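The structure that follows is given in the form of structure tokens.
First chain written, first letter: the chains are A, B, C and D, and each begins at residue 1.
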Amino acid sequence: MVSLLKEENIAVGGVSLDNHLILAAGVLGTTGASLKRMLSLGAGGVVTKSIGPYPKGGHKGPCVQVYDGAVMNAMGLPNPSEDFKVELSGLEGRPVIVSIFGGDPDEFSKVASWFSGMASVRGFELNVSCPHAEGYGAQIGSNPELVQECTEAVVKTGIPVWVKLTPNVTDITESGLAAEEGGASAVVAVNTVRAMRISTAMRRPVLGNGSGGLSGPAIFPVAVKCVYDLYEACRIPVVGCGGISDADNVIEMIMAGASAVEIGSGVLDNVGIFSEICGDLYSEEGENIEDLRGCAHA
Amino acid sequence: MVSLLKEENIAVGGVSLDNHLILAAGVLGTTGASLKRMLSLGAGGVVTKSIGPYPKGGHKGPCVQVYDGAVMNAMGLPNPSEDFKVELSGLEGRPVIVSIFGGDPDEFSKVASWFSGMASVRGFELNVSCPHAEGYGAQIGSNPELVQECTEAVVKTGIPVWVKLTPNVTDITESGLAAEEGGASAVVAVNTVRAMRISTAMRRPVLGNGSGGLSGPAIFPVAVKCVYDLYEACRIPVVGCGGISDADNVIEMIMAGASAVEIGSGVLDNVGIFSEICGDLYSEEGENIEDLRGCAHA
Amino acid sequence: MHEIASVPVKITEIRDETPTIKTFEFDGCFSSKAGQFCMVWIPGVDEVPMGFSSPSSITVQKVGEATEALFSLNVGDTIGIKGPLGNGYTPEGRVLVIAGGVGAAPLRPLALEGLADTFILGARTADEIVYKDELGSLTDLRISTDDGSYGHHGFVTDLLAGAGRGGSGVDPEDYDTICVCGPEIMMKNVLRILNEKDLSDRAQFSLVRYMKCGVGICGSCCLDDAGLRVCRDGPVFSGTDLLKSFEFGNYSRDATGRRVSGGGH
Amino acid sequence: MHEIASVPVKITEIRDETPTIKTFEFDGCFSSKAGQFCMVWIPGVDEVPMGFSSPSSITVQKVGEATEALFSLNVGDTIGIKGPLGNGYTPEGRVLVIAGGVGAAPLRPLALEGLADTFILGARTADEIVYKDELGSLTDLRISTDDGSYGHHGFVTDLLAGAGRGGSGVDPEDYDTICVCGPEIMMKNVLRILNEKDLSDRAQFSLVRYMKCGVGICGSCCLDDAGLRVCRDGPVFSGTDLLKSFEFGNYSRDATGRRVSGGGH
């Protein structure tokens, strides 16, 4: 297997990390204690649950369904809003990225302002990509102008901004270029893939919200393609996300063009997935990430 | 399990069928003998390999990769063009739908003209959705105006036209409505999902073409969502396609809004999948498809 | 990653346990052990966590929208059961069970399997005692009611701390495993008493937190300070672990993730 | 649907069999049986079908772009092997093997496993005889060359039809299974002779058709009139089945699916 040389100082899109594996937004990211646990279990960085301009309880259940090789969720962006600040105490100096969502540039900048002074915040990740939240997420992410405006609004804080993109668009590179234009330090690809399942016994969708977003191994080939395309289109780093479950998947994302990766659904099978992958990924004989990044491009 | 009452005369979007299960385009559809075999193995209708304005050898291999629960392909629309007519002899009176692709309305109508007089052709399916063919397929399907024009061009033949849509767009209902506007008798959802895998050992994409399209069980939730949305947006029937592998999947598609389904990758595990599903799907105590179709909509 | 199916089951029997608590028997049998739970899908309403009160039943207290909807269902109606989920109790040796209110539900399987040597059951009032006759015939049952309308007048903790009036008290020292479920304030008091007697390592508590996924991915149920997931690393935690939790007995989080005072229920 | 992996293997040895044919040994061992094949991925070039000439080798004739690219590889280079694919031969009893040219490749495992009682090997000329020494030591080997530069002067069919010059002919009646691979015109003639002797049911032929997927999904390799997939239902077909095929020996299809006269090779 191809392995990676562990660098001394890993920094991606302005955010310094303990390793290349980051906990994805919305997965075990609701409480400070749980974020701390994931860091101690080997995550090189953590992204929080997406925080919005006011508290939301989220969609009615079922919110999550687990299938062979895939997870489908429609959480509905539940979040404590400004109250989330209390969760970050004790995380000072740790690689924490706060995920933000909002309905317009003002909402994004409002939420960002709550966190921008905190010693426990190394970066922001803008969720313009959740496929199942009316007026939020992908409804912004599929409009490049809005993506750029929301990015600009948060870039003003002076803190590095990553923009997380949706694969549910005709051309993801348009969104990526809009984020870059808006001053983003990195793009993250991808959020979940728009999906629905129906229970034939119940004669209704299996998620309380009707439709939701697919994650896990099933979407890995979709995510690799998005990372590959963004790597060709953008100058800012690309963070790969979607379906990663082992070290070879990480190498594959890097070869597609990723500078780091995020892992979400993978924790379902194994909450120790970060240290397990680190064990397989890094070695003394490993290659420099610079030599591997994007090497699958002709 | 929910089952279906077998109707006497099944007709969907102007095409009469032997049952609700149709062989999807490009899967065992290159030769007349193979189409005949699939009919004799229980398919209620067959769609041919997509035929274009001139012969194409397709992409260099690897053209197909098989994963757990998914197939990824980049065939590159290989086809014998007008020579395909010879394959249809012996299929007179059988439920055969000829799939067509082209680069503009003229090419579509040129190809359609070759087949429009034939007794073995009950309908056309327009491939405006292949995700890995420069200038064809999804490059047309992601432009609603072009979808409408290509549909209009083939509708002129007087033969029922189904338009097969790509899920790789921001809003599939725009394509569906364009097809409807152009006079289509049905929309088929979906073609494959844009994807890529990279071999870390080879440091290059696993498909000769680089990227390709994902099919099989992994994309079923994506297809269900598309069918659900199209059912709400369009008045013409929706034919469900993508990841179907058992009778319950068929019922699920029908509940999402499908009037019939197409099956492609499912033949990989079992070339007898059509008769097997028919055995499970239909029963004397089954329900009318009218009562099941779209019943998952609130 | 393997499917965690929500299995459609038909309700076969509905028993009134108390004016606010019903048991729903269904036609599916889940190989659950005591303390494990399921996510119950009430179609069109919500999906909520419920302990298995047997491999084919749940016992539900009406507290809000989802439970009210459950109460309005009839025999023959279909619900979805996703489970068994969570870790469950690990009883060994002589087992003491301590239940408060509907907290008896996930402990009932211990009695059904003959594993509960002594069962202490607390309720607000006589009407609210669940499974009374059944538990009486299966185990050595001691009852307390807050209002004294049945059994010991007071709290279950009394029956642990002293001998209790009428000699219904027990000495927790006599047991190898102490399985507890009930309102968090009650569990906190039980833990305090057991800790005073240096028995916190014998005790196992089943916790309630707001659960959105039930399978360990969303993070809504995580417990401070270790950040463990109640749905996956729990819901059963040892007394020793809970002594380290600042959250236990003090606060929990609501659907938004905001802290609210008071533990889960 | 389970993964059909293209396994990266390193070439460990390259042997010149003839001026146009090389054997590539690699460091992966596939549990293939005679007649099964693999899709060989030559990175950056193409993926093409090749019979396993042993569980860890292929024997390749240079005919075009992909095979030329293979010939330019060196020991230590990596190729991808996807297989074993297809059905393979099912030898029973006494086995006669009939090979023409590089068609000997998928038949070689029969000799290696000691299953080939008699091996008839045809080639254009002496230089083009593959595996001569090896097969000579493993089986009862009979050779014919079109130009008479070695063995019987003529075609392999001569060795079946009559006794053949020099007594190298055999009587196919003496064999329970007759395994054949070679140019389609040769196989057609073999089938004609065996059919005349009413032995078509003992014969198994390995066919070549244009293969794009190799796993039975794309349809490019289908054979008229039954529409069977050479890659999945074959590549080995019984003589009886082939007698019903109008296509066999008459035409095949190219990459576009157009009919071209002449069978596969």
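Simple rule for what comes next: contacts are C-beta pairs under 8 Å (C-beta built on N, C-alpha and C of every residue); 3 or more make two chains touch, one makes a residue touch a chain.
Heads up on the chains, UniProt names are A, B = Dihydroorotate dehydrogenase.
What you are looking at is a predicted structure, and each value in this text was computed from that prediction instead of being measured.
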| item | value |
| --- | --- |
| If a chain touches chain C and chain D alike, it appears here | none |
| Any chain that touches chain B and chain A | none |
| Chain at maximum distance from chain B, centres defined as averaged CA atoms | C |
| Between chain D and chain B, distance of the C-alpha-averaged centres to the nearest whole Å | 36 |
| Averaged-CA centre spacing for the pair chain D and chain A, given as whole angstrom | 51 |
| Residues within chain A bordering two or more other chains | 67-70, 201, 204, 217 |
| Overall pattern in which the protein chains touch one another (line/ring/star/complete/other) | line |
| Pairs of chains satisfying the touch condition | A-B, A-C, B-D |
| Contacting residues of chain B [partner chain D, same complex] | 26-38, 49, 55-58, 60-71, 73, 75, 78-81, 83-84, 86-87, 199, 201-202, 204, 206, 208, 216-217, 245, 264-265, 267-269, 271 |
| Chain A-touching residues of chain C, taken from the complex the two chains share | 1-4, 6, 8, 39, 41, 43-48, 78, 80, 82, 212-220, 222-229, 232, 253-259 |
| Touching residues (chain side chain A, partner chain B) in the complex | 1-2, 67-70, 72, 142, 168-170, 193-198, 200-201, 203-205, 210-211, 214, 217-222, 224-225, 228, 248, 251-252, 255-256, 295-296, 298 |
